[in-house]
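Read from first to last, the chains carry the letters A, B, C, D and E; within each, the first residue is number 1.
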């Protein structure tokens, strides 16, 4: 489509034949299940791609236009020279009781709060959200990297829960889905989890700036983020339907596990103002800058706040109906 | 002058009732194949798993018990996921295997029969095979997108290397006497390839095929991470990101079954196609 | 009766000035090796990369330009990361390779020379090699921890399979006539292994070694995901989770260099150790 | 028993074959109830048409026919040495190592060198087998067999690729070694003269059994000029289907080959 | 030129070798300036000690010695057929396919079957090479060579592994085919009688050159009984270092082998 300045107003309608390539399977399932997908005016080509490295790879290869990730991947995309913008933000309604990650504690490791982390072996995966979480936790606990023993390992698959179970590390961040299986396996040996005490609920949609500079794609994304926002709310309101449709049918979890995961993640909120979201993001950025020697970054520069308004407009429009 | 000890094994007698006493000589080769011998080892492995799990020697948290695996497999079959994954993966692997074998074979012939071909082909292939497939994926995504073609070609890329190397090696180690013979018989290059090179390189090719088949299966795990919604590799990856050990083990058992049977098939072909050989094995 | 066309190639003359006219016969084998031929293909590949990047045909976001790679490599060398990684990975790979080769060789001998051994060993190894190494890591972590032993053993597990299969195959395809000969010479089993089996299986073993060397390098990427703070595999993994394409490509170039040179070394050994062969290649 | 084997005859024969049957397929047997005894120290030459089963018999005696269907009783001494019809040198071992392969005595390599010298391959000990001419390979295989003092020597056309002079030298060498070590020998040859010159006894294999068994009583100096030699020669050739007049067949214009050859 | 090659002599020789040198190492040459001409249709037998370079010469003529150092001029016809010293059957092809390999005529397999019949291998066309006896393999290789009507036939001891009767049959067959197709033939043999019976000319290779070149003028019926035959035979054997009395050496008690053999 025609070129669009990043500061120019978003066009309303994409040209006919514009296809938006989206890597966001959860939203896809939500839209399909709620039926909202039929109301979408744009053509979407869904890709079953999630997670930082994969979406970034796909961006670089120009295989998708927009991806769905936590708050860390856009930072690394930026730091490694792929110009991206965050176009949507989501948080959890009650983040303290519904954290995305908990800290798994190995059987026999004497850790009951994050203050006990001093001198402990902690699984640390730089470059992944889990790695950032560990740094955030240390910051909250008032510890430096030297006060603990960081064991570098990538959180591929269930490596962290195995490392915990075999007592190779004392503490490791575990995603909710893994918390359940970890406890199921090792609770009887004394395994526990503790809350991380830091917010880890930030979720974003992001897109390469090259996509956003395409007027048609930008218009399509404007439509998409609106639908996305409604889908997130639908998920919060229909946890059982979503659990069934996504976690059971799409991801192959058992119904019990699916329910557990959905309950654990709690309800989503889509902020219509991103100020707090960006402020919290900046804290994480600063932590990474310090902890991983990254280049300082004013994180607000990688937000495209035109979409903040688009989302707000959509949700308010919805509310007013 | 002592006469060696003699044995009278009950060999099949031609004229009934006649004895069959042969000099015993220390057998140095491996002797006769044991029928279904290959299965015995696998059965032992299975038995160890069952016994280990039953006696608690194998912690079910480490390795899911066989019965749990069977139950999980049943569930997966009931809801159709396993069959669907098998079909999807099967088609992908077969296409990739076919493509990879064809390409590997042609490259091996070109590189094996002409030094110029070798000069151009061999180096890049050695480079290719030193590089983890995983690392090539970004490039392949760029060039081929994230759809099926990318997956099939990635599998083919994993497959063609062992085919190429083994066929090339097999071809180069054909005895020079046979090439001499062909030269004196004045055969054309095509006839030479068909009647000397291909049969002579066949043992190498078939060994390569054994590796190619496994490679095609293993490559599924890599390619089905990207934009796949079904397939054995996808099933395993998904299950491991949720810590579903039992599903992972089902996937691995399927892999083992596929791998072992594919290997057995290739070895059967090997035995049939190479029946002209007189080796230690025969 | 027509006399064939005759050529007078300028061959090295024994007595100077005498002619050397030989019947020309269509050459069917590949002919003489081209000196450093292997490097030409690699040079071509490099040239393609340089040209592709310079002309913009290759998007630098997908494949970093060679000059950026050189610059990145320089930085990595300056701050010592590359050397450190090379040393760490080198030691791991070498230990794993040594262990894997030894184990693979012993298993191949046991399984190749006795049908009972084969029955017990061969099946499980086929199972093992059908299963992605990645999937074995959890088990290995549970049994061996996350320290160096786990890494070395995982590499050894990746290495021993090609050694086993190739040596076993090489051994089984030794011509039966040589075993017969050894039997009539009354040699002991040890002598048979040392003088017939090992040299006869040597071509197979060396082919296996070519795969084993690459496997040991590739396995680094898998093992250095866990509890590693340096190493080429660690460097690549880390860079790819950050999306640092330039560092990834540096890693891959290092891989290619290591892989190609290791392969060249094995092929040199092959040429020396198998100089007794008269094949198409010679 | 032949005179020079007499002193061992109380120990019974070195080789005893009774009712030996061997067949490679259902079509028909190669050996059909063959009986054979060889005394210790006896030198037996084995003649027979190409494809008559000579090698098959030798392989039976050497215990190398495990896979072949058949019955019968074969008794042989413990130390058997075989010269195969192909020279069967290990291609990955140099000539000397091939000759001494399996020899365990400390002077193995000296004996190997001596044996190579005796077969006319002095100075070639470091050559690879593929660097030897056909006849040289055959002699290396002979050296390998002779260097190990067997109780029974089975030799399958060991002189087939040798020229007349070298062949005579090898005959002399073989006889000399037989004098010293007195192995029982079963030597396959296609050369009737060679059989008569070397052997104590000549047997002809045909139809899977020993068709002809002739003791040779010509003394130690055997000359083709001797009329007894010529008679024996004619007799054996007739047994093999040939008139004595070596290659009497005229250069044929056309005509059925086999008729001519048989005439 | 021999009488029956006269009609072709206007076309020049079939084979012309001038000043041929070949050596495998620095130590010394195997062929040292060999000169040889063979007329079209001429049958030349090549004698020589084991290791004297006969096979080396044949390989030069066949154009199979690219890798061997040397100089000289070799001219041969286009259609050359070689019977190698080893039978060199492709192990992965059945006998008939081995015989017809490279034959492009439509009746290839009939001709192959006929050739197999002629060498006495009728009915064995479906056998694998390893299922043939030594002599049978050699005959299969012979059949392969004869079935393709070469202009020059190079045969390296093609009858070495054959018994007397089969050998005579093969002689007859070869002569018959030579009558019909008139190839130039260079046949290596160790059997002086065979050389005299078959050839128009016998040459002896020694020291890397043709030491002896004898035309045979015995007519078409050649009998060992013929005194001219015996004289020629003695002459050639002497050339090869052997007294005519076949294996005159007595069974030695002890003694230097080579002295004895040479005496």
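In the analysis below, a contact is a pair of C-beta atoms (placed from the backbone, for glycine too) under 8 Å apart; a residue touches a chain by one contact, two chains touch by 3 or more.
This is a predicted model, so every value here is computed, not measured.
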Leader among chain pairs (count of C-beta contacts): B-C
Centre-to-centre distance between subunit E and subunit A (centres being mean Cα positions), rounded to whole Å: 85
Centre distance in Å when subunit A and subunit B are each reduced to the mean of their C-alpha atoms: 41
Subunit B and subunit D: spacing of chain centres that average the CA atoms, whole Å: 47
Residues of subunit D touching at least two other chains: 62-64, 80, 86
Junction residues of subunit C - those touching two or more other chains: 25, 27, 59, 62, 134, 138, 142, 177, 182-184, 186-187, 196, 240, 245, 277-278
Numbers and ranges of subunit A residues touching at least 2 other chains: 57, 60-61, 156-158, 165
Chain pairs that touch, as defined at the top of this document: A-B, A-C, B-C, B-D, B-E, C-D, C-E, D-E
Residues of subunit E touching subunit D in the complex: 24, 47-52, 54-55, 85-86, 118, 120, 131-136, 139, 156-157, 160-169, 171-173, 175-176, 179, 190, 192-194, 197, 220-225, 237, 240-242, 245-255, 257-258, 260-261
Residue numbers on subunit E that touch subunit B, as the complex places them: 62-64, 79-82, 84, 86, 88, 90-93, 101-102, 128-130, 144, 148
Residues of subunit A defined as touching subunit C within the complex: 52-53, 56-57, 60-61, 76-77, 79-82, 125-128, 151-154, 156-159, 162-163, 165-166, 168-169
Complex contacts: residues of subunit B adjacent to subunit A: 61, 81, 137-138, 141-142, 145-146, 225-229, 235, 237-245, 247
Contact set on subunit C toward subunit E in their complex: 1-4, 6, 11-15, 18-25, 27
